[in-house]
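Supplied in structure tokens, the structure appears directly below.
Read from first to last, the chains carry the letters A, B and C; within each, the first residue is number 1.
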Amino acid sequence: MSENILQVRNLEIYYGDKRAVNGISMDVEKNAITALIGPSGCGKSTFLRTINRMNDLIPGARAEGEIIYEDLNLLSDQMNVVALRKEIGMVFQKPNPFPKSIYDNITHALKYNRIKKKSQLDEIVEESLRKAALWDEVKDRLHKSALSLSGGQQQRLCIARTIAMKPTVVLLDEPSSALDPISNAKVEELIIELKKEYSIIIVTHNMGQASRISDKTAFFLSGDLMEYDVTEKIFTNPSNQKTEEYISGRFG
Amino acid sequence: MEKIMPAKDRLLKSGKNGLGNEMRGKVLVILCAVIMISVTISITIFLGTKGLQSFIKNGVSPIEFITSTKWNPTNKANPEYGAFPFIFGSFAVTFLSALVAAPLGIGAAIFMTEIAPSWGKKILQPVIELLVGIPSVVYGFIGLSVLVPFIRENIGGLGFSLLAGTIVLSIMILPTITSIATDAMSSLPKSLREGSYALGATRWQTIRKVLIPAGLPTLLTAVILGMARAFGEALAVQMVIGNVRDLPSSFLDASATLTTIITLNMGHTTYGSVENNTLWSMGLILLIMSFVFIILIRYFSSRRKMQ
Amino acid sequence: MTSKSADRIATGVFIVIAVIIVSILVGLFSYILVKGLTHISLDFLTSPSSNVRAGGGIRDQLFNSFYILVLTMIISVPLGLGGGIYMAEYAKPGKVTNTIRSCIEVLSSLPSIVIGMFGLLMFVNLTGWGYTILGGALALTVFNLPVLVRVSEDAIRSVPRELKEGSLALGITHWHTIKTILLPSAFPSILTGAILASGRVFGEAAALLFTAGLSTPRLNYLDWNPFSERSPLNIFRPAETLAVHIWSVNTQGLIPDIEEVSNGSAAVLVISVLLFNLLARWIGTRIHKRITATK
């Protein structure tokens, strides 16, 4: 039996009076890739953004229930969301490098966390760029603008700056939907590589991607968790009629 | 290394973990917001109480102040404080200049959006921006040295006149009206134009029957903003209007407005004297009018939202 | 046929309107520059003004204008920036925010003469300073603040949301994100807006009549002690700015060369404002190019 990093219990998420997620419960395995799939507006991104409290930024959004991480409820008012986001990092759909150099993109958050020594910074920059499979492509131009990178490189840079924080969980919100197929393949390879060290939750619209890389898959529909199981089972022999219809492309 | 700490210490709020900085920043910007509120409130309160003193402390009748045409504060035996000529002057130049500038400004906006969008914008837009940039004393000075002699020699009278004030103000508020009217016209949906042209309407018919009615609330907002500027403008008007205490009987007569009387007399009346206090009462009227203009603008923009 | 000709007439009218506006501007500028440039000389710019004799310059007025401008910006930029950050990042929709918005609206629509009166009440009489540069700068701050708040708020709001989220998701506090991500990205637009606002402040006169006054003490430009009475840097001395000078020589001046002095001053004033405008545009397009080039 593998260890769980997150335990979700009766999670309900609201936007004002509108309920977007209807009381879901699931466990997220440690050092595994969990894929969240479902048609647009099914609540999967909302759920993902709730895990590191990014949804707090949306006026009127609130969550009830529990997400347990290291015996603490992430949704509690007592939670220091800033500290939380260092441990549960997030990569977004659209690559969003800061308009700074490649090097500064990675050190931006490190410097904020009082890592000042140049040698230490250099070391972390190289390590995280290597892990993000970007080092060889950018090592000669670390001080050039990050905006000069291609879309795929930008996204890998965003992954690099997230893992530079040494998180335990990495949340990926459709990380390759804005990329071309070759960049997409590289990002997928990278994600599989990352699960050795991190627990990964990925939202994706791409059925192929979910089946290729994830260990477990959760299917969401209109705010409900319809089915959650080992990926292979979901894609070969789903127990829910709707899941089968969705993955075979009949709607969504 | 950090993670050896128990989760509780790492993840719960404790004050030590950098949130103090966050609070400091927040307090700083809230302070700025508070300063803005307090400046607005203190302007209202200070000018309000000061403006009412002539009525409360000096016993000037507010009715007389607003309706009487006799302004004679320096007459020791029987001082008179009728500010009606100035109130009239303010409203007269405001409405007259709006009457001149509104068609020109809206016309220019239509020219830029409907007739010649490409080079119209390229030329008129910077022209309008430059006109906004010219300081009001420069308008006043040119009015004084060009317009006033021109009126005196070619039209009649002293030159210092309601007419001169109106012309100077019209030019000054023209850019305000034009730029907002341009925004109004260009934000109208394309489908309106296409629908009208598809029915065989000419460009003028489309403008008159479809576009102007659709943009009307914003166009009115533009005109009111222009009027607010005209009502409050002081120096440029003061330099050309002549500043007399009597009601003008024609366009060519010299006149005065609330702002010009304040400008002229604030400096050489004794602070706290009755005459000085009546100037503050005129200031209060200006303040009240700028609230009125804001309310009017809000009214029109709520109408725009309803459409 | 009638609708066709009506259309043609209307088009003609619109063209006439456009021509009128362009010629107003051309007329104004050529008048100011033709009349004024002949009078601008190094001597005019560097000699003190005279109250009675001809041949006075605008040295002190020019210095005062820039000095008050700098002071005003030093006071109003941080306040305006703070207000803008508050409105863009911290204000939650509701009564408080609406109140602040109304306050900005009221402040921005106040006639500048009313601001001058408020300045007279607060910074001249209540404080007992008399007419001072500081009082003038504070009055101009009231005049300038709403513009700067709006400029900063718009600039911060137009920074892509993804950048802010990217920074927050790395476990960086909101305030640090504002300082290190939002403000640097918004800086170009804020700068452009602030320069344009400077032009407006530079040309303003009505708010200064009763706050900074209509006179300047004899200045000694070798005296840089800001507490000395004749030092140009003293912020507690009265100061007539260039814009106020144009007004005062025309309405109460005794000098025989009113026309020349005002022509020259008006030209200097308009050229300065024009330079502010061009500078703002130049910065704006340069930055626009830089942003689009990296895409």
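A few remarks follow.
Note that in this section a contact is a pair of C-beta atoms (placed from the backbone, for glycine too) under 8 Å apart; a residue touches a chain by one contact, two chains touch by 3 or more.
Here the structure is a predicted model, which is why all the values come from computation and not from measurement.
Between chain A and chain B, the least number of touching-chain steps is 1. With every chain reduced to the mean of its CA atoms, the largest distance from chain B is reached by A. Set side by side, the interfaces B-C and A-C show unequal numbers of C-beta pairs in contact, with more at B-C. Geometrically, the chain at the heart of the complex, using CA-atom means, is C. Measuring from the averaged C-alpha position of chain A to that of chain B gives a distance of 52 Å. Centre-to-centre separation between chain B and chain C, using Cα means, comes to 17 Å. Put simply, the C-alpha centre of chain A and that of chain C have 48 angstrom between them.
Under the contact definition stated at the top, the residues of chain A that touch 2 or more other chains are 82-84, 87.
Multi-chain contact residues, meaning those touching two or more other chains, occur in chain B at positions 18-19, 22. Multi-chain contact residues of chain C, defined as those touching 2 or more other chains: 173, 176. Listing the residues of chain A that touch chain B in their complex gives 69-72, 78-80, 82-84, 87, 166, 168.
Interface residues of chain B, counted against chain A in their complex, comprise 3, 7-8, 10-14, 17-19, 22. Those residues of chain C whose C-beta lies close enough to touch chain B in the complex are 3-4, 6-7, 9-11, 13-15, 17-18, 20-22, 24-25, 28-29, 31-32, 78-83, 85-87, 89-91, 99-100, 102-107, 109-115, 117-118, 120-122, 125, 142, 145-146, 149, 173-176, 178-179, 199-200, 202-206, 209-210, 214, 243-244, 246-247, 250-251, 259, 262, 266, 269-270, 273-274, 276-277. The residues of chain B lying in touch with chain C in their complex are 18-19, 21-22, 24-26, 28-33, 35-37, 39-44, 46-47, 50, 103-104, 107-108, 110-112, 114-116, 120, 123-124, 127-131, 133-138, 140-142, 144-146, 171, 174, 178, 202-205, 207-208, 225, 228, 231-235, 238-239, 259, 262-263, 266-267, 271, 280, 283, 286-287, 290-291, 293-294.
Of all residues in chain C, only 92-93, 160, 162-163, 165-173, 176, 180-181, 184-185, 294-295 touch chain A in the complex they form.
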